[in-house]
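Pasting the structures in now, so scroll down.
Presented sequentially are two complexes of chain A, the first with chain B as partner and the second with chain C.
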Partner chain A sequence: MSEVIVITSGKGGVGKTTTTANVGMGLAMLNKKVVMIDTDIGLRNLDVVLGLENRIVYNLVDVVEGKCRLKQALIKHKKYPELCLLPSAQTRDKDAVTPEQMIELVNELREEFDYVLLDCPAGIEQGFKNAVAGADRALVVTTPEVSAIRDADRIVGLLEAGEMKRIDLIINRIRMDMVKRGDMLKVEDVCDILSINLIGVVPDDEQIVVATNQGEPLVGGSSLAGQAYYNICNRIVGEEVPFMDLDAKKGLFGKLKDIFKK
Partner chain B sequence: MTKEVVIKSNKYGMELILSDQLPFQELLQIIGEKFRESGNFFKNAKMAVSFSGRVLSTEEEIKIVDVIMANSDIQIVSIMDQGGLQEERMKNRLEAAADAAGIPRRRTARRAQTTAATEEGEVPQGKGSDAPVKKPESVRSTKVSSEKTHLTHAEKASAVDLQGGFYKGNLRSGQVLECPASVTLIGDVNPGARIESAGNVVVLGALKGNACAGMNGDSSCFIFALDMQPIQLQIGDVIAKSPDKVKDSRHLFKKEKAVQGAYSPQIAVAREGTIYVEPMTKGCLDKL
Partner chain C sequence: MKLMDFFRKKGSGEVAKDRLKFILVSDRSNCSPEIMEMIKNDIIEVISKYMDIDPQGLDIQITETESEGGNGTVPALFANIPIKDMKHRPLR
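Now for the complex of A and B:
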């Protein structure tokens, strides 16, 4: 039974594309057949984050307009042949595609892949409507900032009005040291405001920036963020994984100090 | 029914011998059927065409060309004057036309077959792209209807077009510069931007996006750039992508900068279905 998941947030810059890349790759690591669709027409960058920019020949709009076959536009990932990308067009805009066309496209992909991930553009206009149209399930990404949460709340409202079957929350770029000082909202606070199921918390991590620039998602790696994304993937496929202790990153000295405190 | 329309072909094109007994509409239908049947045989050849056996108005000729192109993948690049079916003349015109802008840009099967990157087409122009796309007027006005007058002066037109165009400024992501002849860009082509030309492409700046030379299938064209770091290159029907990024370069941007300081002008040419990028030396110049 295949699932179509849209990754959305409302606000820009909270990590939708990064999340899509990492979740897509993580699911591929779990031996699922995954296709990622970049629906951000005109501002594409999922291909860059995945390091597949130079392989693009055809794109989403070409497929929808019948200029090429769907198979021709799908780009296989370098490491995981079961992981495909359908890039968006750079020279067009969101109006080049309609929600009906997206539904048709998604249904075609559904037959061949276990998971279809839709990377949604920021905003709530045409691009958002296109991305959401064909989805069964949504991952709402937010950061622990009031502005991002405000937008996420609006998005959740829109998704619920559109009768999305399942909506999960990812809190991205949380900094435990700031939370402890009381300078940042706690995970619980965010969950209280949005009151949807939490599927993962990803700590702020320098490695994400490095990985993005290199075009190599860090899911499954040794970094905390990589592990967090891997856990999210496991939860998506339906496994029970306990939430990580995000304070764990302390090094030997920190751990010793903890012992002595006791 | 075969008597009404007879297609004769030679090396450079074909002659349609048309009956003058039938009404024009009926004739059109027969032509359409004929080409539908034999369209596959011609594939997407570029051809010159001439008519005889019937006096046709310009409009009628254009209608016939439309019907031919609608029913087959043939690209009609030139309509010859009546009775002027000399192979030599046809050849000259055809070659001139192929170089010049006058080729009707019906990209259907041909483009798909060449796995070419197709983002441009009739895309930009106001709606959609915010890009202030600079297109030479001759491209916009190139339609079948303008063709005949154009090709009657084929030699003159090609001489003008082959001089190519100069453009100043940077092409940013999402912008497409399309040119019917060779093009020189004074500025950079950023990642996500695209420069296209039926002839050669010269970038006096950094080429970091996509470039396509000889977009009508001429693989003898070249792409030149002062700083060659393209995402994809296309020459004629040959397409090449850049090598993947080297992993584990922790100081990604620092390294790139270091390399940038040492760049040298490079030229890309296509040989036997492969694109070669080599430093611009005097030897290269001689080969061109």
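Now for the complex of A and C:
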């Protein structure tokens, strides 16, 4: 049975696109057939994060307007042929697509794929409404900051009003050193405030910048963020995965330091 | 309270948590500051019919309170209305 998941946040810049790219690739690593749709019409981004920007011929709006067949617009990933991207249009705006058209498109993709991921634009206007329309469940991404959490709460309210069946929270870019010294909201605090199910915590990691520079998502790699995203993917497919200890120091040196501390 | 607590400043994470709780309660209640102001003025008008109050000292807030059924919290309107004089006007 296929599932349609929207990745949303309200506030911009909290990591929706990075999350979509990593979750998409992680699910492909778990041998799932995955298609990612960049619904941010006018501001195309997901293709760059995935390193597929040079292969775009047709886009979401072309498909919806019937200028090409759906198959023609899907871009297969280099490494994972079961992972596809439907890029957004760069020169159009959000009202080029309607929620009804999105539902139709998504239902067509359900036939072929196990997971349909929708990368939602920031905001709560037309683009958000389009992205949410055909989704079965939502991943709400936030960072441990007042503004991002406030917007996430608005989004959760809107999703609940729209009767979204399942809503899970991803806390992105947490810095345990700051949490420890009391200068950042704790994971428990954020969960407490938003009161929705937590599906993942991704630490702030320089490697995300490196990965985006290279156009290769780091999911499944040895970095903490890579592991965190991989865990999220496993939880999405229904596995029970314990939350990892983000305090753990990496490498032999860190371990040695720990021993001496005791 | 431990002695050390006197010296320890409240971390900004704690400040963020407290602020967020307040922000979200009023966000969720869908009450804009304009509407709050209107409610406040109406309360002043009604109460002033019966007693002498201090409009400057009046403070209303939407917060959360335990629901009577014991199933979680519900939004509540709290009003603090300082009374200057309890004059008993003859009832008509």
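As a convention for this text, the second predicted complex is superposed on the first by the 249 of 262 C-alpha atoms of A that agree within 3 Å, B and C clash if a C-alpha of one lies under 4 Å from a C-alpha of the other, contacts with A are read in each partner's own complex, and residues count from 1 in each chain.
Note that a contact is a pair of C-beta atoms (placed from the backbone, for glycine too) under 8 Å apart; a residue touches a chain by one contact, two chains touch by 3 or more.
Computed from a predicted model, the values in this text were never measured in an experiment.
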| item | value |
| --- | --- |
| Chain B versus chain C as contact partner of A:Gln90, first or second or both or neither | first |
| Partner chain in contact with A:Glu112 - chain B first, chain C second, else both or neither | neither |
| Touched partner set for A:Val210, first chain B, second chain C, both or neither | first |
| First (chain B), second (chain C), both or neither touched by A:Cys68 | first |
| Partner chain in contact with A:Gly42 - chain B first, chain C second, else both or neither | first |
| Which superposed partner A:Tyr58 touches (first chain B, second chain C, both, neither) | first |
| First, second, both or neither for A:Glu82, with chain B first and chain C second | neither |
| Chain B or chain C, by number of chain A residues touched | B |
| Those residues of chain A which chain B touches in one complex and chain C touches in the other | none |
| Chain C partner contacts - residues on chain A that touch it in the complex | 144-146, 149-150, 153-154, 157, 178-179, 181-186, 189, 193 |
| Residue numbers on chain A that touch chain B, as the complex places them | 42, 44, 51, 53-59, 62, 67-68, 72, 78, 89-93, 95-96, 210, 213-216 |
| Residues of chain C that touch chain A when the two form their complex | 10-14, 16-17, 19-21, 23-24, 27-28 |
| Residue ranges of chain B touching chain A (in the complex, touch as defined) | 111-112, 115-121, 123-124, 128-131, 173-176, 191-192, 194, 231-232, 239, 241-242, 244-245, 247, 249-250, 252-253 |
